[in-house]
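Alright, structures below, take your time with them.
Next come two complexes built around chain A: one with chain B, the other with chain C.
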Partner chain A sequence: MNWLRKDFPLVLTFLFGLVVMVSKFLNLAYFKLPDLTKTLDKWSQITFAFAILVGVINLSALHINYIRKRRAGYWYSVIAMATLVLYGTLGMAQGPKGAGALFIYSNVLIPIGSAIYALLGFYIVSAAYRSFHLRSLEATVLIVASVLLMLGQAPIGQVLWYDFPKLSNWIMTVPNSAGIRGIQLGAAIGAFAVSIRILLGLERSWFGSGGGQ
Partner chain B sequence: MDSWNKMQRIDPRLIYLLILLAMVIPMFKPMGLPVAVSPETKTVFEAIDSLPSNAVIFISHDTGPGNAPELDPMIAALARQAFKKNIKLVVMSLWEMGAQFADDQIKPIAAAMGKTYGVDYVNLGYKIGGSMTIRTMVNDLSKGAAGVDMDNKPLDSFPLMQRVKSLKDVDLLFVTTVGSPGYSDWMTYAAEPLKKKLTGGASLTMYSGLQQYIRSGQLTGYLGGMRGAAEYERLVGAPGKGLAGMDSQSLGHILVILLIILGNIGYFRSLRATGPAGGK
Partner chain C sequence: MQIFAKGMVGDFLWVLFLFICVYVMIRRAKAGQRIPEIRKIAGLDAIDEAIGRATEMGRPIHYSPGMSGFTGPTFAGLGVMPYVAKKAAMYDTKLIVTVRNMYVHTVSQEIVKQSYLEAGRPEAYTADDVRFVSDWQFSYTAAVLGIFQREKPAANIMIGHWMAESLVLAEAGAQAGAIQVAGTTNIFQIHFFVVTCDYTLIGEEIYAASAYLSKEPVLTGSVVAQDIAKIVVLATLVIGFIMASLGKSKALIDLIQK
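Up next, the complex of A and B:
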């Protein structure tokens, strides 16, 4: 059983990784070999759908445990479970466009989602006032660039000086692009290295066996 | 403690109130500030304008409720421009709420412009699977969409889907993006392999991260945040929520800049009073 839990996933990962890599770098039709990646894509899509079910089971088990043990703030777990059962039942009984599900979606889900994101704006403004200080050269560059970008993005900047949008556009396209390209190149090389380590079984933290070698 | 020091310890609720007022007042009393159109927005408009009648645009509205106010106006303006030119739309989302948001934008415009569901546009709904779904749709759109639209009606029953069998049959990809899955998945797995033009719109926080793809031509222009939506609305000639939000954005940005200036004056005054260590 230990082999099934520890080594079998590694063998599967290596085999499927190899299939995808071979199909990408070799002309399979030339060698009269079937392209299995299309089948694997469909399998992945089905697996994603099942992952939601696993998520629901996991979330339910966690919150039911909190409620049974009456942990601090267990009322939030009661609300979470009641919402899950109510919305899930309505959605499955009436479909996602049923009157009940659509009512909760339009009048609860969307306003809560928007409000949480909008709160960020208030916190950012407050944080900018308290901590956006010219403490160093780097901080000064950051603040000056952000102020120019804010003026370039809002129409009021154009009213103050016609060329603010052009200046803002230059910051976005030249220094910003250069920086992002460097970061993305580094990230891509890192992702490639980690992928090779996963395929070779050197990196095992992804299936919970604790760390790599 | 002088007044500047007191300002440094201002109640955050006052700042929240100021930002709320800066956002709300222009909604009731618009200033009508001019909005210049950026080259990126012009490129998006021209890419759609250059499509022939009966062409198909594939939209993936990959957003959640937080960014919908920035991105929904783009979908509305796109629907107006496309329907005016008799261009067909196939819509979906890789984010669970995006397809409904797109539907809310497109349906009233389609009804007002006399367009028919199934003939002029189809909404495939939310499709799970991210990049794997895109890869499946490259070869077989119906399989990637599980064979049904957002109302569980079979795709085969729609005249439009008779000629759009895969992503190979669409003329342009229009993807809104706020994270992952988003533009990078569509670029890597659909636009690049199929040599299709990819355009769309991004939240302003994402916009700086995709500039290099606009420069390299992998993205055919792109709309940046609510400003991009406002510019696009202006080009389409249909002022909507994007243009309406510009005055709020202007006042909000000015308030942030003023607060940064005030915060720095207070910071330097407190430094002078206490020495460099006091400012830490």
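Up next, the complex of A and C:
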């Protein structure tokens, strides 16, 4: 059983990784090999559908437990479960684009999502208030760059000095782009190295092993 | 008819080179030969501090492996998870893991369960603490905001792929008084973490995390290989810059695009 839990996933990972790599690199027509990536994509979608079920079971178990124990704020769990049942039933009865499911989607889900997203504006202000203190060289650079960028974007900047937009544009296209590309380069190579570690079964922490002491 | 797919010869050579680098460094590590050490990464050292603080305050730790499915950053986040889970189990500190993706949720449950087992405290594992919250980005965000408000975690660790919700979550964590360690490769979110979190893992640092924390020579060897690859890329950039300045970059571009 230990083999099934520990080694079998590694073998599967290696095999499927190899199939995808071979499909990408080699001219499959030359070797008269079928392109298995589309089949694997279909398998992935099927397993994802089953994973949704696992997610719904976990979510339901959690909230039912809260309701049963009458935990503080359990009413939110009641609402969550009622919504899950209602939306699920409507979706299955009328289809995902049926009138009932669409009504909840457009009038509940979308406005709430937008409201949460709108919080970003307030949080930017509070984060900026806490961060923009001249307490270190890095913070100073951050503030100076931010002020210059704002002056470059706002009409008042152009009134103060005609070339503020040019300066702002230079900050964005030269030092900012250089930094971004450096980070992207490192991240891309890092992602690649992680992929190789996973393919070769060296990185095992993702199924619970390792992590040090 | 050619053996390689169109435009993939350069990519294949590059992959082959990386494989060789990783193989050589792992052989060296296994043979006990000297390999360079990973530099100090403050954000990863701070994880112990964050767990310690949560333990002292008797408040939970919140951990999230990010918003995406199984991508590189998610694997990086899942790589740190066993370390945090083991420490949480050892110190008897509650660990709340919130997940957006169903696949990742199943794997996260296994990781935490196994980590509690390896820490010798399987009875402390509670399945309800590894929570699939929602597949929707802002539903997930709203739910985690609620967790921050209700359960007041003393430590918030977020390593993975983050999008527009990064600032909302990190700022809410800061307002809840949590010590925060966050990491992502998404360049549009890193600055949000820099201004709101106590420690930020920038870009590739998240990929070195599991090797850094586990201190396994084999994993460290692969991180060294990654750095060698980076040096080669930088050298190629410099050569390309010189050749382009001389108007003779076509050969290099052809080789890369072949």
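Definition applied: the second predicted complex is superposed on the first by the 184 of 213 C-alpha atoms of A that agree within 3 Å, B and C clash if a C-alpha of one lies under 4 Å from a C-alpha of the other, contacts with A are read in each partner's own complex, and residues count from 1 in each chain.
To be clear about the criterion, a contact is a pair of C-beta atoms (placed from the backbone, for glycine too) under 8 Å apart; a residue touches a chain by one contact, two chains touch by 3 or more.
Note that this is a predicted model, so its numbers are computed, not measured.
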Partner chain(s) touched by A:Lys42 [first = chain B, second = chain C, both, neither]: first
Chain B versus chain C as contact partner of A:Trp75, first or second or both or neither: neither
Touched partner set for A:His133, first chain B, second chain C, both or neither: first
Larger contact residue set on chain A - chain B or chain C: C
Chain B versus chain C as contact partner of A:Ile52, first or second or both or neither: both
First, second, both or neither for A:Phe8, with chain B first and chain C second: neither
Which superposed partner A:Trp161 touches (first chain B, second chain C, both, neither): neither
Partner chain in contact with A:Ile116 - chain B first, chain C second, else both or neither: both
First, second, both or neither for A:Ala191, with chain B first and chain C second: second
Which superposed partner A:Glu203 touches (first chain B, second chain C, both, neither): second
Shared contact residues on chain A - chain B and chain C: 48, 52, 109, 112-114, 116-117, 126, 128, 130, 180, 184
Footprint of chain A on chain C - complex, ascending: 1-6, 8, 11-12, 15, 18-19, 22, 26, 71-73, 75-76, 78-83, 85-86, 102-103, 105-107, 109-115, 118, 127-128, 131-139, 141-142, 145-146, 150, 164-165, 167-168, 170-172, 174-175, 185, 187, 190, 192, 195-196, 202-204, 206-208, 210, 213-216, 218-219, 222-223, 225-226, 229-230, 233
Parts of chain A lying in touch with chain B, wherever the complex brings them together: 37-38, 41-42, 44-45, 48-49, 52, 95-97, 105, 109-114, 116-118, 121-122, 125-126, 128-130, 132-135, 143, 147, 150-151, 153-159, 165, 169, 172-173, 176-177, 180-181, 184
Chain A contact footprint on chain B (complex, rising order): 8, 10, 12, 15-16, 19-20, 33-36, 38-39, 64-69, 97, 100, 125, 128-130, 132-133, 135-136, 139, 143-144, 150-152, 204, 207-209, 211-212, 214-215, 224-225, 227, 246-247, 249-257, 259-260, 262-264, 267-268, 279
Complex contacts: residues of chain A adjacent to chain C: 21, 24-31, 47-48, 51-52, 54-55, 58-59, 61-62, 65, 72-73, 76, 109, 112-114, 116-117, 119-120, 123-124, 126-128, 130-131, 142, 180, 183-187, 189-198, 200, 202-203, 205-213
